[in-house]
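In what follows, chain A forms one complex with chain B and a second complex with chain C.
Moving on to the complex of A and B:
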């Protein structure tokens, strides 16, 4: 029997998980909006940061939240190098070439992780992991709530940076029309390089949040890539607000499917939602993204 | 004189050149037997662990003189990656059977891949011996070239019920309430399908039946659904990642029923590290298993494994060890690398329980390819270790009692 408490539990749990999904997708949406390159290795780069958090915890005893700041710099450099070495050369090539390139990177990262760390599940045990807040019979997971807060914070900072700073204006100009931006004196390549590097650096934040309650395996990247792509397409390609809302929607839909459906059909609900969006709102939830 | 020296020298030269080749052909040339398993992809943990078990077994076999029926030729198990995908399984089976002319193929695959491999083996006429998948359906297809050494999900369901009855009897009072929680693959759903009717038939009230997809990242809602039904015993079939996520959800929900598990997850040696040893013991986490590491017969595998890898082997690792020794036994009996001779040898095989590392009574194949001696054990986390608690014939300690509410 489905009680009110169970329903509220599912809604809250789904919403908080959705916040994390939004955070995973935001970086992808940002990079796509400015570069017009869909990075299929996005989840694998996140997986690299998650392994980084595990290594920092095992070597230095660093808490996953503490690892965010430490990992941000190497992730930024990794993003920078990936843009210069791999993305830039295929930026003007067709979509298929770009997809093949990023998919290739994804396989290389996966295989490297398997060779270095093996297939074992690696996690970080902290006091925070099981901590919860109980409100009227409903359990709120603290790590999920923190993840949600971090997601809100990063979205807020991104919005402010994009709307209220000169650098943000350059980014928006590049996203809207790179040729016109170039004519107006914007160094388009530099802007794109920074945006891609920052989008990869953002994954350090996501990894820090994820590693407080979940684990990492070499194939985790693929799951996160698929998830991020679904969220980004649901929200509209390149639309940050849409990506945030898309993440929340997927989180809630997943949790409610768990309550109402009692089978493997649960995860399929997300794809039904995705299909309906493509059918009726091909430019995303706010109809502001590129047509998928 | 000069020419006889030359002749003598030529003979010596020929002996020096040819002898190593002959010796190599007699005892140095290894007998290569392939084993299919997922080394990459989502099921990589299965194959990677299995590979470690194979390495320990091959080392022991070759150190002890190799395959005696072949003049002491060493055994080589070629572990082949299938990525856990049935389509890759088919391609690899074809490569191994047709191009490599393998005399037999060992199976360390999950149920879907094993089905594809068995089908190919039947069409092509090559012995395929499964040591991993527990799916019993394949045994009902009348295959002639498919053999399964592994226990089946039917055996698992029967053991589940036997232990549940034992716990209820010891606890006294009315029959405890039961909930089923399982990942919805043929593995998880299959065992629950087989167990549910007999459990209900034995007078237990099933208060919840909750399925989930293994890919789900957050099991809080599913576990909350089970908690709402307030079962005393949860019968849980799952893999390592989903059971770990579910146990974390249980901790957050303050929900600690008695857990009878099945599948690779609940008994995995990594579980206490992943979710906390105290909680694992609080829920009396137990699992129907084909490997009981604390039993006397398992020592010949567990001790060298710990020496080599520094940790207790998982059940998956034991599959690799079992498969390699089974291959050795088959080769010793057949004495030939001919496929038909190998099939006949498999049919006539009878390995007694004391020679095995598993809790099986023996390895002896029936006409349908089933291992007639397959027998499960139930292990339970007690004092930070997996202790064999069932059946009484192999139990090291009794199972933790079920406390009634």
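Moving on to the complex of A and C:
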């Protein structure tokens, strides 16, 4: 029986979850916009940060939110190393060769996680996990709401940095036209290196929020990668605003599919949406992205 | 025209069957099972390589076809008791339909490779979740298959029959690949992989060729799916449609050498047993379940960084050395291809009326009308951005006009696709030369000739054209290694190989030295003598003035003058368009040589 409350409930949960997806996608879209590299290991890197949060909690009793700040630096370095060692050499090789490269990275991370942590679900128990806010009969999960707020905050800082600072202008110039940016004196490679490292570092924020209410398994990485990819294509390649809106949309679509459909079939709706977008709006729902 | 080497296929088959006979005997049942999986992966990679390698369309969603084959035959077996041998074919047929469905829009609209790759992936995920909701297919929990000993039901008491079956499938797939690579279809696939624009320009139907490639690949992949599910006697959505299946296909193939015959085989044969050895022999502990994936991933990264052509490709220099065969004798004049009779001189070959085209805010071509008489050379000149190339693109099907009519030989041809325009008798060259970089000069022209000739006639026609254009001594050079002047001559030879009635030359002199220009001019003049109709755009105005009886002048998308070179060159509007208003009075008119 589908009631109005249930629907509102699903909409709100979906929107909050979508905010978190939005940040994952934003990071991927940023990297694509500036490097033209579609990173299929994006979700696996997120998973690395999630395992990181688990380890920090087990060893030091650190709260997942605290681990965001601790993990940001190693994630930044990981992104840096990945760019220099693996992405940079294939930058001229075409988008599908880069996809193959990052699929290789994804395989390595997934297998390493399986070897180190095993196939079990790992989660972090906090008092936050089950805490909720009741507003007019609608239950709002607090960890979800915090995640949404953190995501909004980070996205806000990011767009301020891109629009309002000199470094942001260099990033946008590189995204627009690397050759022209080079002619204007922008160190394009350095910009790309920083942006890729930053896009990986941002995942620490997502991981901290996710670990307050969900779990991690070695196969989670691929799921998040595909999800991020889907959101980015929906928003339009390289379109940051589109990626953010796409994240919200996918969150809501997922929640509604969960209400109306057999839970096993529900996710199919999202991929149908994805497929239709690819065919009919290859530059994203808002047609502001780059040609895929 | 070389396809894949049949000798390589035979050698591979011998090794496969030697392994089939010896491995279970010498190494025991466990390694016999590993061999089954190795050959299965090799088979699936060979099938994937038909689209991913030969056709150049990377699919991330081949698990969809694998799963379709697995589920279709299982459903038929469990619900209707149908033998999996027949179910296998039924699954293959469903996979072919699925391939048509998946490829239809991406191929019809010529969406990019990335969109195709992601779309196949989306399709696979849709099936993955849909099947999970279907109770008669066992939903997310999966189905166990009946076990027995009836060979007709794909049940073998002797496990070695599974090995024989998959080895037979792999052998078939290898020889099928070789056979396909030697047909026109296989050659056209390679041409499409090398350069889609150029392939369309020589009359290759991109849509049909891509659909065919994906369908064959999907069919073979589905057979593998049926085999797998019968072998393990269990099926669930993730083992049939999981995306890691598609990733492994790509991984093994890329590591082995994408686009080569033996690469897909080699990748699987090296990596699958290697992963197994590491997993069981070195560690044995459950904590090391991930070691094979780790090694696969590292192998993929290492190959992309260090040997982009893969294990096989790097050994053989990408599998294709441009070997120079012994000098062949001069062709006897008798083998020259029969030419289409030239249209009677004087009739109207092409009529263009009110042609109009906009790109967003740019009105590239405005209400352009002109005719082309059979047997003439019409020159189209104009400053940069005048719309010359856009007019050509509309005549040859590469752009569709927003409005206006184009009649060729009395038939309306606006809205034709490039390959249809080519088959109707309009061939073009490209201003920015479009080659098949991995083809030799000879292969390029022969491929172009194949569309409209029998194979033997195509070889003869290619030889004649290469001799005429002076490229015969360079026939075994890869196109990527030609000079610009040679590429331009190759463009002309390739266009002529399609046996056109009308040839569209788009700035074929651009970037050439004066001597090279003279050679091309003489050649084009010779084409007219043979009755071919030529329309050429040119920046080198003097060339047009010398070659053409009539010249059309475009400026900002509009026809501003049409007439003899003498008349046009004195037209104030033309002078203004080229030199600006001020210079109009002091323009030095090039003296045109008398044209025939």
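What we mean here is this: the second predicted complex is superposed on the first by the 289 of 292 C-alpha atoms of A that agree within 3 Å, B and C clash if a C-alpha of one lies under 4 Å from a C-alpha of the other, contacts with A are read in each partner's own complex, and residues count from 1 in each chain.
Operating definition for what follows: a contact is a pair of C-beta atoms (placed from the backbone, for glycine too) under 8 Å apart; a residue touches a chain by one contact, two chains touch by 3 or more.
What you see is a predicted model, and the numbers here were worked out from it, not measured in a lab.
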| item | value |
| --- | --- |
| Side-by-side fit of chain B and chain C on chain A, or clash | clash |
| Partner chain in contact with A:17 - chain B first, chain C second, else both or neither | first |
| Contacts of A:125 with chain B and chain C, given as first, second, both or neither | first |
| Touching partner for A:254 - first (chain B), second (chain C), both, neither | first |
| Contacts of A:96 with chain B and chain C, given as first, second, both or neither | second |
| Touching partner for A:6 - first (chain B), second (chain C), both, neither | first |
| First (chain B), second (chain C), both or neither touched by A:278 | second |
| Contacts of A:208 with chain B and chain C, given as first, second, both or neither | neither |
| Contacts of A:236 with chain B and chain C, given as first, second, both or neither | neither |
| Which of chain B and chain C A:52 touches, first, second, both or neither | neither |
| Doubly contacted residues of chain A, that is, touched by chain B and again by chain C | 110-111, 114, 118-119, 218, 262, 264, 266-267 |
| Chain C-touching residues of chain A, taken from the complex the two chains share | 38, 86, 89-90, 93, 95-97, 99-101, 103-115, 118-119, 218, 222, 226, 229-230, 233, 261-262, 264-268, 271-272, 274-275, 278-279, 282, 291-292 |
| Sites on chain A touched by chain B in the complex | 1, 3, 6, 9-10, 13-14, 17, 110-111, 114, 118-121, 123, 125, 129-130, 132, 139, 141, 144, 213-215, 217-219, 223, 254-255, 258-259, 262-264, 266-267 |
| Residue numbers on chain C that touch chain A, as the complex places them | 58, 105-106, 109, 111-115, 117-119, 121-123, 125-126, 128-130, 132-133, 139-140, 243-244, 247, 250-251, 254, 286-294, 296-298, 300-301, 304-305, 308 |
| Sites on chain B touched by chain A in the complex | 40-42, 44-45, 47-49, 184-185, 209-213, 215-218, 220-222, 224-225, 228, 240-241, 244-245, 248, 251-253, 270, 273-274, 276 |
